[in-house]
Each structure stands twice: as C-alpha cells, then as structure tokens.
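One chain, subunit A, links the two complexes that follow: it is found with subunit B in the first and with subunit C in the second.
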Partner chain A sequence: MKFKLGSAYFAILGVITLAFGGLEVVTGLPGIEGLSTGALEIPPDLWRGIIIFFAGAFITAGAFKLRDIHGLGMSTFGSIMLWIIAGCDIFTRIMESIPNGAGGLNSLEGFLATYGPPYSPALFLLPFSLVIFYFIKEVEK
Partner chain B sequence: MKVGKIGIKALVLVLIMFYALAAIAWVTGVEAPEEEEFELGEVTIEDNGTELAISIDEVSEYVTEKIEDAMGSVPEDMEMFVSGAYRATLLGISEVWEGEVPSRDDIKIVSSLPEPASALCFQYITGTGPSMENLRAENGVFEIVLQDGTLVENTSVQHLYELSKNITADDWKFEISSISTGESFVVEVKGDVFPEDFFGLREKVVFGQTASEKEGQEFTWEWSDINDGFQGFEDYEIFEGLEEPAPDSATIVALIAVILAIVILALII
Partner chain C sequence: MWELLNRERGGKRKMPRTSLSVDERWKLIDSISKQVVLRGKYKHTLKDVISDLSVRPMTGIPLALAVLFGFWAFFGAFAGFFTDGFAVPAFDDHFLPAIQRAFPGEGGPLYWIFVGDPGAPSCFEAFGVLTSGLFVAFGVVLPAIVAFYLVLTILEDTGYLPRLAVLVDTVFHKIGLHGFAIVPTILSLGCNVPAVAASRVLETKKQRFMMMSLLAVFIPCGAQIGVMEELLPEYVPAILAFLFFGYFVTGAVLSRLIPGRSPEILIDVPPYRSPIMKNVATKTWARVSGFIKMAVPAVLGGIVVVNLLYLLGVIDWLADALEPIFVVWFGVPAVTVGALVMAFLRKDMAVGMLGGMAAAGLLTTGELITSVVLVSIYFPCLATFIMLWKEGGVRDLLKSLAILTVSFFVFGGLMHGIVALAGV
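What follows is the complex of A and B.
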C-alpha cells in the first residue's frame, strides 16, 4: 500500500517537475521572456530547464516500479538532479544575503528580502522530493 | 562516518533555516532597501569665481551643435565619445584636485584620442571650444597629442573626424593636470571596455559605408553598450589602475560565523 501511494506520489511529482522543466526550456529559447506568477518565477534558462525536464522524466519513470531497486534508483537519480539545481539556488541566495553589494554587511531587511519571493520551481519542488528518503529506508528494511 | 553524519545534519539544518527564512520573508513581504546605483555626477569648476556645474546633457548639446554645424550630421556613435571624455574628466578632476573645485584656467587636458566629439567635450570643459567666448570668462588648456608624440594643431571637427578613422582602444588616454601645481593624473580606459572587433566594425560602418545591415546593427549595439558602461559603471570597472573596493572585513567574519554556527548546531543536534 505504501509503495502504491509512493508510486502515485512520485508519478505526480515527476509530471509536475517535467512540466516545469519544459516551461524553463521554452522560456530559455531566444526571444521568449521568463514567466512569473505570484511567488513562482520560471527563469528563462535553457540548460536548467533541460536538467529539470530530465529530472522529472527520471522521477516519473522510476515511480511506477518504486519497490524495485532500479525504479527507486531512477527516481532517486531524478531527485538528485533536482536537488543540484535547487541547491545552487539556495547557495546563491545565502551568498547574496550577507554582503550588501557595496563591500559591507547587508541590513536586516536586505538580508531577509534575499530569501523572499519569487522562487524558482526547483525550490518549490525540493521539499516534496525529499520523501524519496522514506522509500530508500523502506527498501533497505 | 561521524563526519558524514555531521555533514548531513548540517545540510538538513541549512535547508530548514533556508525555508524558515523564505517563509518569514514571504509572509512579512519584507523588501530590500533600494540599492545605491552609480550616479553620473556633474563636472564642477570655477570660472572667474563663479561655480559652474556642467552636466553631460549640457556638453552633449554643445558637441551635437558644433558637429552638426561642421558636418551637417552627427556620427551615430558620438554620444559614446562624449560619455567617455566626460567620465575621464570627472575622474581626472577628482584625482588631481581631491574634492576641491578647480578653477577653469587651472585645468589642462591632454588627449591622445584624435576624435571630434571627445575633443569638443574637453574644449567645453576647459572653455577652449569654438564659439565659447560668451560662455566663459577664462579658459584652461586643451591639446591633442597622439601616442607617437605628435601634437595635433588642427582641431577642426572635419580634420579630427578624418583622424578618428584609425583610432584604437590604446588611444583612449587622457592626462588631466593642474597648471598651477603641475600635479597630473592619466586616465586610461580599459581595453576590455571595447569588444574585440569594435574599431574594425566602426571603420566599416562609419567610414567605409560598405557594412551590411547586420554589421550596422551590431555596431549600434556595441557602442550603445560601451556608452551605457561609461554612464553607469564604477570607475574601477572602466579605467585602468583603479582597484575594486575590497569587501568589508565584517562580511568575511560574518560568513565564517554563519558556517561555524551551522557546523556547531549540527554537532549539537
């Protein structure tokens, strides 16, 4: 039952990731601007988009055989690709939050504002992809 | 093994802290204070005791008028030369007079750039330009001395326009000095301000009249970018010999403190 739910969960997550990756690819093409809605911003970056697209493809492909080590491995691999992109975003924000750009320390408002919206899809998807650890533990048992 | 666990804990902690900060920032809607953008100041000089603040628009207007009078039209990249010369003057004056307002008759500018728009800009500031009799009470000195040491005596727009055909990035050198003290500063534009093919393209588009439409468009983009740099970049980004301000030591200490705090918290958890 757990694995059936897990399969459905990762299939949905994979498709969403795939869709966001596709959108980043499209907005990364010359002459097309990035999309932004509410707190979400699709950065116009072709290569990021390709990585997220394939991350979504791997998560989805692995989701249907999550109990199997190969399927789990594929979903984990897709998740890692997503973590790399999100990790870069997080690292960028941390590094930008401390200095103020003029050689000094940022103010409290400036520091907090660095962590404010808009966020890339990878940042939204990262916490949801961490569920993979639960299934890794389950398979280990 | 233990080190690996600490690493994972630190990573989890960073993630938790990041999303907590993101949530606070999102919910409170905090906005960053506006960044201080570079502001192109005015060239402030004294003319017979009267303080004058010369803006780039004022210089541009004068240069355009004089070039139009002499040639009937204005070369499309004129603005870039005015901006470059204006920025060089601003830097030179601040370096030589160190915050003091120089008297117009104390300013001497020697340019290595044989080009009419930059020359007219310097002439306007030193009060040596054509038809400036009613605009100034006193004047400084302006000369064009080529890289090989040749003094250009004929500074008419037409003649300088012809000479400007073969200019390169190396010609963008200007010596600004105080006649009374002899103190001087050489302003040299960094070579990488100009794209590699820029001067070849300029010769083709402005003088050759054989450039394709694509080349013409490329040239327009390139000189516009250079012009934007002259008007918006910090001095150290466009001029040689100036150092980028080093980050505050407090920033480095804060970064180390953040990393240490994460490791210590990971160890405690």
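What follows is the complex of A and C.
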C-alpha cells in the first residue's frame, strides 16, 4: 500500500517538477522575462529549465515502478538532479548573505533578509523530493 | 598452485613443470575460480542503477548538464563571495588610495611600474605590480582557482569523471580522440600546464599532439575565466560556447589532416563513493599551492615587463604596425596589442588589462568580447608554451604554433562577424 501511495506521490511530484522546468525553459527564451508571483520566482534560465524538466521526467518515469530497484533508481536519479539545482540556490544565498557589499560583514537583518522569499521552484520542490529516502530505506530492507 | 593442478589430475603427476599448456592453464583458472568465486544471482543496488543511468546518453547527458550547472554556479557564487564581497571593496576603497598616496615619485617610471596610473579609480585600471598585480592574483584569481579545484577534486573522488569520459566517448571519437580526453580538457579549465601533462593519458602521438594543441589554443584557464566572470558575467557562457565550438571544429579538421591512429580504449569505471573530506582538502591544497607558486610570480613579473615595454614605446610601435589587421579583420582598436603582449605572460592579467581599457572607455562591450576571445585563442601563456616544448619537442611546438596562427585569424575574424551581426 505504501508503495502505491509512493508511486502516486512521485508521479505527481514529477509532473509538477516537469511543469516548473517547462516554465523555466519558456522564461529562459530570448525576449521573455522571468516570472515572480509572491513567494515563487521563476528565473529566466534556459539551462536550469532543461535540467529541472528532465529531473521531473525521470522522477515520473521511475514513480510507476517504485518497488523495483530500477524504478526507484530512476526517481532517485531525477531527485539528485533537482538537489544539485536546489543546492546551488542555497549555496548562492549563503554566499550572498555574509558580505554587506562594502567590504564588511552583513547586519543581522540583512543576513536574515537574504533567506526570505521569493524562492525558485527547485527550492520549493526540494523538501518534497527528500521523501525518496524513506522509500530507499524501505527497498533496502 | 601446482598442488591444485595436480589434484585436478588425480595426483598422478609427480614433478612440477616449468610451463603449462593452454588447456592446463584453463583448467587451473577453472579450479581457482571454483574455489574463490561465489556464484548466484547478482542483485542490483541503488548505486549500480544510478551508475548505469549516469553513462546512458538519454539520462547521462541531462545529469552532465546538471553537474556542469552545479560546477558553474558554485564557481560563480564562491568566487563572487570573495572577489565582489570582500576583495573589490578592500582593494579599491582602501588599499589603492593608500598606496597611491604613500608610494613616492608620483608619475615617475618606478611609480608607473609598481602603482600604475595615479588617477585610476580601481585596481583593474591602475595596472601596477602592487595594485592590479596583487588584486588580480589574490583578489580575483585565487578564489576562482580554489573553487575550481575544490569541485574538480570532489567530482574525481566521487567517481563521476570516468563516467563522464564514457558518456562523451562517442563525441570525442568524431575528432580523433576518446572519452578520456575530457580529463585534460576539464583540467585545462583550471590551468593549461597540468592539462598538457595529463594529455599523456592518450595513447598515440597523434592524439597527444592534437590534445595539447587544442588545449593551448581553445581552453581558457580558471584564472582567465575568473577575470572574465568579473568583467563580462552575462557573456561568459557564450564566449565559452564559442571556444568549445572552435575546439571541436579544429579537432575535426586536425583529425583528418594529421596522420596516425585513434584507437578505442577500455575505461575502468570505479563505483560511486562519498569523497573523504581530508583527501579532498589535501588534493585541493596541493593543486592550489602549485598554482600560486607558478602564477603569482608570473603575474607580477608580467606586469613589470609590459609596463617596461610601454615606457620604452615598444607597445605603441606594435599597435601602430598592427592597427590595420586589428581594426579591419578583428574589429578591435589597436590598443589591445598591449593586452596580447601581456597574454603571452599571463592570460588572466591580459583580460584584466582589457577590463581596465573598457572601464576607461577605450573599448565597447562588443570589442571587449572579441578581445577576450582573441586573448584566449592567441599564443599560449609562457608556462604552457614551455610545457608544450617539453612534452612535444621543438617540431611539435612549431606545428602547434602554426595551428594557433590559423585558428587565431579564422576564429578571431568569425567572432568579429558574430559580434557585429548580434549588434553587441
């Protein structure tokens, strides 16, 4: 039962990831600007968009055979690609939060403000993709 | 071993023989393998599946794109943190005004060599040993090199690089090389010198010569990329794409022109592993310290040489003599000659020099882009030049320089055309 639920969960997550990737590809095309709505910001970057699109495709492709190591591996593979993008976003925020732009260290307010919204789709999807670890443990059992 | 074989034969043979027939060898192999190999159904692990997916083109290419994106994003964020966050304000707002005031003999030859332009508002524009030299070496290049070697070491230690070699094998075969050519190519993005040495991983003389020539002409080093990232961040991917286009086109042409073999290879792909932080730190430090020892004296010495050539009027004479070629064929003003002279000593400093010219209004953005490409495909820096000599001998060095001259005019002119068409 939990693998059926897992399959549905990763199929949905994969489709959402794929859709966000598609949006990033579109906003990355010349002459189209990035989208920003409240807490979500879609950066106009074709390269990122293509990676997220494929990550979504791999998560979805593996979702239907989650109990099988090959299906789980495919979803994990897609998740790893998503983690690379999200990891880069987090690292960039950390690097930007420390200096104040005048050669010194940032104030506490400035430091915390760097971590506020808007967030990229990869950052939104990151926590949801971590559920894969539960299924990895289940399959390894 | 003898006992094993004898037991197989029912212990009939008494005396050991010095050599075995083919059949006896196979029997021996069989009997050893029966005792040491466990037979059963192999169960794939998650690592195996991810490893397989990493080398299949349909899944491996998107992963390679993600890894390269991560590499680039880390490089930009890490180098930007140190350079823009701390080095630029520290050097431009504090160090430069202080040294401009404190150094004696303003406007004199020694002042020009060590401090540079007394009215320069930034270290990029000053072009003195103690201003631009220290700023470029420690403020711009060092963070870029640390970032580059750190990620490269992590990729090596996780086992991703051999998988990338398998993935790109087909592409490299089209230019007479094979997948392992990716190792010197990636190394070259850090520094051309170890990359030229690493071209020894290729089997034939033809492959090694091609690899060294392509690296020397088309692959910019990490120091140069770091300075480019500081000057033209939005155009760096396009410049790199153009250089890689030149790399593959020239490689395909050379593969057809140069006689010799391009054999297939077998690559041992190790399992994926978590990198050990102590090993990563040790390897990164060894590479970075080697780079510092080689690059910092070259940057500082290069500035002294170029400033002396300026003071003696050599650069102005060269600029006048080469002006028709530069303006008509490459579409850049003759002042860029100084940067090209510098490029023979240090390419990163040459790009920094071009940045200073652009900041002073001597170059437009389009001219800056073309000049940066020219610096990249122009003569290799002195250290790479010596390495080419050492690895290939005088004859190969001269052949490489001939390839370089043709590539310089073809791809430099092509870049001029692209910039003009794009209206940058």
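Note that the second predicted complex is superposed on the first by the 141 of 141 C-alpha atoms of A that agree within 3 Å, B and C clash if a C-alpha of one lies under 4 Å from a C-alpha of the other, contacts with A are read in each partner's own complex, and residues count from 1 in each chain.
Keep this in mind: contacts are C-beta pairs under 8 Å (C-beta built on N, C-alpha and C of every residue); 3 or more make two chains touch, one makes a residue touch a chain.
Keep in mind that what you see is a predicted model, and the values were worked out from it rather than measured.
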* To do: Kindly classify A:117 by the partners it touches after superposition: subunit B alone (first), subunit C alone (second), both, or neither?
  => first
* Asked: First (subunit B), second (subunit C), both or neither: which does A:69 touch?
  -> second
* To do: Quick one: classify A:77 as touching subunit B (first), subunit C (second), both or neither.
  => second
* Asked: After superposition on the shared chain, which partner residues are touched by A:127: those of subunit B (first), subunit C (second), both, or neither?
  -> first
* Is A:99 touching the first partner subunit B, the second partner subunit C, both, or neither of them? -> both
* To do: Between subunit B and subunit C, point out the one touching more subunit A residues.
  => C
* **Touching both subunit B and subunit C, residues of subunit A** => 98-99, 101-104
* Asked: Touching subunit C in the complex: which residues of subunit A?
  -> 47-48, 50-51, 54-55, 58, 69-70, 72-74, 76-77, 80-81, 84-85, 87-88, 91-92, 95-96, 98-99, 101-104, 136, 139-140
* Asked: Within the complex, which stretch of subunit B touches subunit A?
  -> 14-15, 18-19, 21-22, 24-26, 28-33, 35-36, 245-248, 250-251, 254-255, 258
* Contact footprint of subunit B on subunit A as seen in their complex -> 39, 90, 93-94, 98-99, 101-105, 107, 109-110, 112-117, 119, 123, 126-127
* Write out the stretch or stretches of subunit C touching subunit A in their complex. => 43-46, 49-50, 52-53, 59, 62-63, 65-67, 69-70, 73-74, 76-78, 80-81, 84-86, 88-90, 93-94, 237
